[in-house]
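Next come two complexes, and both contain chain A; in the first it sits with chain B, in the second with chain C.
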Partner chain A sequence: MDATVVNAALEGLSLVFSWPYFMYTIAGTLLAMLFSAVPGLNSSTLMALAIPLTLTWDPVPLMLVFGAFVGGATFMGSITAILFNIPGKSQNAVTLLDGYPLTQQGMAKTAIGCAAASSALGSTFGIFFLIGLIPFMREAAMLLGPPEYLMLAIWGLTTLAALSGGSMLKGLIVAGLGLQLALIGYDPRTAELRFTFGLDYLHDGLSLVPVFLGVFALAEVIDLMVSRKQTLSGKHHMEELTGSVWEGVQSVFRHFGLFLRSSLIGTVIGAIPGVGSSVAGFVAYGHARQTAGRTSRFGRGDIRGLLAPEAANDAKDGGALIPTLALGIPGGTGTAVLLGALTLHGMSPGREMLTDNLVLVFVLIWSLFLSNWITSLLGLLLVNPMARLSTIRTTRLLPFIIALSVIGCLQFRGLMADVVCAVLFGLLGYLMKRHDWPRIPLAIAIVLAPLFETNLHLTLRLHELERIVFWTRPLVLILIAMTLVNLFLPAISSRLNANRQGQREGSSAGDESE
Partner chain B sequence: MMKVSNRPGAMPGFWRNYWSRNRITIFLGVVTCIFLADSLQLGRASAWVPRLILLTTLSLIVLLLGRELRVQSAGAGVTAIPDTKGILSIVPALGWIGAMLMLVWLLGVSMGLMLFCFGYLRWYANESWSMSGVLAGGLGLFIQGVFGLLFKMPLYQGVLSALT
Partner chain C sequence: MVSACQHLPATQRPLNSCAVFIVFFLFSIASVAATSCSSLSGEPVLWVVPSKPGGGYDAYSRLLQPFMEKALNVHIRIENRSAAGGVVGAMAIRDAQADGRTLGIINAPGLLAANMLPNAPAPDPRQDFTILGKVAEQHVVMLTGKHSGISDINSLLAISRTRPILAGIRDAGSSNFITLPITASLLGMDYAVVTGYVGSGARTLAALRGEVDVIFLNMDSARRYIASNELVPLLQITDPPNIGLSDESRSLLTGVPVLSGEQGVARRQIDTTGLTMEDVEAGAVALARIFAAGRLVVAPRNLPDTVSHCIATALEDVMANPEFLQAASKANLGINSENAEGARKLLSLAAAELDKFQPEIRAAIGEARR
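Our next item is the complex of A and B:
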């Protein structure tokens, strides 16, 4: 690696650990943790609130605090997802798939331990990957165009539909419903209003926060009220909880290959501008499920279903900084606000950032790294009080879960209609859960729809103008092949299995007759 | 669970069972049709992507309904899903959530959620008066302390506060 990069990395590291700069990272991390414990609030909101307060600051403390905001906000959303089925952020919607069932089985400590370890190690992977890529960032980010984004969106949709458990057809229908709902509002190309049915509220489209809080958190509230379950874990005392934090930490090393692959997925997807932070976790979950074999308990409390998205979600923070710093294209909402703050302080991302301000870049990276470890270590220290929540009577917890969901909805845009929307989606989510319909394809489709639609239009237009030839782009062809595998592999493998079983039964019947 | 006939001719048990097993699919089909009908008003440039998605979804729904019909016709005594109790058991939950919505809308987040918490704990969860009061008060303090004082966020005040 270039000596300039190494020197800048070391200088940045010494700045982060020097007094009083060290305290900026700690304070920023704690603030981000507290803030992000509320569903719907995330690091971008916190950064937006902090911009006016930090306008007069020097660049180093600014980088430290903003790095801490990005790193500190990710983990707390996972805790609410694991304990209460509340996805703190859209990216945590996938954490609850196996995290919450683990809590319901009395294994909250194991789940939190696993989430903390995979988050810390995943972020470390992402950050070192980012450092290694700094010299090649610009070239790498230019490889992707609208056709690749389009195929990435289609591949993401089919992956989750295929792996949503039970019927793939149901998964695809739910994904279709998600795309339908995401179409509500202005057409991005013609600005014509679509599917608003005369309601002003729908002009800007459905927001992710109330939809996710409804489909997951409020649906769970309704389910707990209807089932009259006594505690979340079914246990009444801490001693009855099985599993341990150490077991959770060990699980990361037991499935280290999966951890590495998921971290790589997170970093790569995080580095793709505009794909959104939620996609990384979903794709990693899909990969874990695809590679898990027949004995897996995905969706019913498989530790691998928690490990993979957690590693990817934290690794993507490092990846998201690649296009932000190298090209000035934000990887997600959080990095978009960060970009705004940097610009306000007179720093322009791109070549200048990676040459003149390289030390500051490393201050940001090390602060992100440190804050990820602080949140995970604090998470491990607080496992017992947090796990105790799963033994408290649900009747006492429910008003607090409802309150967090309502505040999450209201703080988003301050609209009471968002709360009503969340309740309606809560009812839909409850009915889907009760009738065994997958809810995750709905969430991922709403996340991926803008990426799909915008890039579909762009690709067709570029193709029309003969600026691109869709069918000759290697990455597009790879993604088409992967999509076809998603769609047809389950049917082919089940047919092969049926044939094999038929042959086995035939031969055993032959043996008996002999 | 109730056993019902699996023959399409055996009305109305067969169709009742079919409805109970597929009502979510039918509901999604109706939603898709409503969207499809609404897409007829759109201009050509805006309509083709929605129609592509809607028609694909509708085809998948029809495929699923057809497959379910085939499975039920071929199956030996398909078991109906008991629904009446399930549907009725959701009513109290929806009632409480409706009450919460009303209280928050009228009185704002802090007071509305506090009153909802108190009422829910006292009359739904049968907690004691003192426990209900302490937990509801704690929730109010948490909302005001963390969101109002610490983060200085504007909390929704409710429509009644605008009148006063």
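Our next item is the complex of A and C:
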């Protein structure tokens, strides 16, 4: 590695750990953790609020605080997803698939331990990948174009439809419903209204916050009320809870290959501008499930289903900085706000940033790194009080969960209609759960729909104008192949299994007759 | 007023009249204050930005935020509502209650162009808003990616003689629908359009990947890409001396030809385009006037006069504040401000010029919607 980069990295590290700069990272991390404990609030909102307050700050404290905001916000959303089935942010929706079932089995401590460890290690991976990529950042940020984005969206949809449990046909139908719901509101290109039925509330489309809170959190609340389950975990005392923090931490090392692959997925997807933070976790989950084999208990509390998205969600933060710092093109909403803050302070992301301000870049990176570890370590220290919540009677816990969900809806835009929307989606989510229809494809389809629609249009237009040839792009072909595998492999596998089963039965019947 | 009465003997002082006058005067002052900015205190004011975070409109809004908060003594909450080239954000401002609690920033030329869309849902900046002032103008530059094989405007024009030039633009409310057809007609250039590149980042990537030949960006968005040699500026669409560009921006544009003026590229293309000198000048003047309408701070229509006056005055004071100008300079954001009345006049001029180019602009929109 270039000596300049190494020197800048060391200088940045020394600044982060020096007094009083160290306190900026600590304070920023704690603030981000508190903020992101409320569903729907995220680091982007916090950064946006902080911009006017930090306009007169020097660059070093600014980078420290904003790096801490980015790093400190992700993990808390995982806690509410694991304990209460409430995704703190859209990217945590996949955490609850296996995180919440672990809580229901009395293994909340294991789940939180695994989430904390994979978050911290995943972010470490993402950051070191980012540092290693600094000389190649520009090229890395330009690898994908509209065709690749389009196929990534299609592959993501088929992955979740195929692997979300139950019938794949049901998964695809639900994904289609999600795509249809995502069309509600203004056409992003022409501003014409679609499917709003005259309702002003629907002009901006369905917002992710009330939809996610409804489909996951409120649906679970309804289910708990109907089933009259006494506690979330089925246990009444802490001593009855199984598993341990250490078991959760160990699971990351037990499945280290999966952890590395998931972190790589998160970093790469985070580096793709415009894809969004939610996608990394979903894709990692899909990969984990595909590679799990017949021993998997995905969707019923498989630790791998928690480890993979947690690693990816935190690794993506490092990845998202790649296009932001290298080209001034944000990797997601959080980095977009960060970009705005940097601009207002006279810092220009791009070549100038990577040459004249490289030390500041490393201050940002190390602050992000440190805040991720602080968050995870604090999470580990608080495991017991958090796990205790799973032994509290649901009659006492449900009002809190409902209140948290309502606050999450209201703080978003201050609209009562968002609460109503969440309730309606809660009813839908409950009915889907009751009749064994997967909910994740609905959520991911709403998240991926803008990516799908915009890049479908761009791809068709560029292909028509002969500026791209869709079928000759290597990554596109790989993604098409992966999509076809998603669609047909389950059917082929079950046919082959049925044949093998039939042959075994046939040969054992033949043995018996002999 | 008190001293005016005090010279009279006590028995002759028209105490009641003076006192009434003083009380009335103080009451009037208090009333004016109570019905203007003080009516905004209490709840936060929503400031709508019609684009994603990190872009030019967002940067100007966040730069203004702390100064306007101090001037109005309110908390301002910024909300990004991006889609359809800023049209969705503009609609949000238009449809809000006219009580001073919703403000925002709009792309006036872009909305004027968007109003030419068939079944246009876009607000009309002339009618649907209370104009409070202008923050900045758009200095538009035509750019290409550094690996495009297009080194300057002459090589672009040479290519345009063999095939249409492909431009990547945003969407419905994009002022590129003005820039592209007028520039193309002045240069005698055939073009095709790809829409859907949301944000300057997406368009920059499109140019860098070679998906499109050219893009149009405001200089405050293009600056960092030009400085890092990712994008090559080919042509300055609007005339620099009249625009509040930062020093760094001016230096980056040294040697980049302009469209209009005596040395403008449009004049050199007269033989190709068949236009007269007068047509060329009219086109260049039109572009300058259209973009002079700039980035406007607005509120919903029919804002009460006292509230409108208060906010507009506060905005004007902020724009003249040396601290604000220093912060803008630090952020490399050019300020070219106008008060409310001046902004309204510029808007009317822009709309009048735009009407002359309706056929070209509608053709561009039609081409983009294919």
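Couple of notes before you dig in:
By definition in this document, the second predicted complex is superposed on the first by the 514 of 514 C-alpha atoms of A that agree within 3 Å, B and C clash if a C-alpha of one lies under 4 Å from a C-alpha of the other, contacts with A are read in each partner's own complex, and residues count from 1 in each chain.
Keep this in mind: contacts are C-beta pairs under 8 Å (C-beta built on N, C-alpha and C of every residue); 3 or more make two chains touch, one makes a residue touch a chain.
All values reported here derive from a predicted model rather than from experimental measurement.
Look at A:G340: by the touch rule set out above, it reaches chain C but stays clear of chain B.
Of the two partner chains placed by the overlay, only chain C lies in contact with A:D204; chain B stays clear of it.
In the superposition on chain A, A:F35 makes contact with chain B only, not with chain C.
Contacts of A:F195 after superposition: chain B is touched, whereas chain C is not reached.
Once chain A of one complex is fitted onto chain A of the other, the partner contacts of A:R300 are absent, as it touches neither chain B nor chain C.
When both complexes are overlaid on chain A, the residue A:V406 reaches chain B alone and has no touch with chain C.
By the touch criterion stated above, A:K229 is placed in contact with neither chain B nor chain C. Contact with chain C, but none with chain B, is seen for A:L458 once the two complexes are overlaid on the shared chain.
Of the two partner chains placed by the overlay, neither chain B nor chain C lies in contact with A:R388. Common to the chain B and chain C interfaces on chain A are residues 187, 189-190, 192, 457.
Contact residues on chain B toward chain A in their complex (touch as defined above): 23-25, 28, 31-32, 35, 38-39, 42-43, 45-46, 49-50, 53-54, 56-57, 60-61, 63-64, 67, 86, 89-90, 92-94, 96-97, 100-101, 104-105, 109, 113, 116-117, 120-121, 124-125, 127, 135-136, 139, 143, 146-147, 150-151, 153-156. On chain C, the positions that touch chain A within their shared complex are 52-55, 58-59, 62-63, 65-66, 69, 78, 81, 83-85, 87-88, 91-92, 95, 114, 117, 119, 121-122, 166, 171-173, 192, 194-198, 201-202, 204-205, 208-212, 223-225, 227-230, 327, 330-332, 369.
If you check the complex, the residues on chain A that touch chain C are 44, 48, 51-53, 55, 138, 141-142, 145-146, 186-193, 200, 203-204, 273-274, 323, 327-330, 333, 335-340, 343-346, 348-352, 454, 457-458, 461-462, 465, 467-468. Looking at the complex, you find that chain A touches chain B at residues 34-35, 38, 49, 167, 169-170, 172-173, 176-177, 179-180, 183, 187, 189-190, 192, 194-195, 197, 218, 221-222, 225-226, 393, 395-396, 398-400, 402-403, 406-407, 410-411, 414, 416, 419-420, 423, 426-427, 430-432, 434-435, 437, 453, 456-457.
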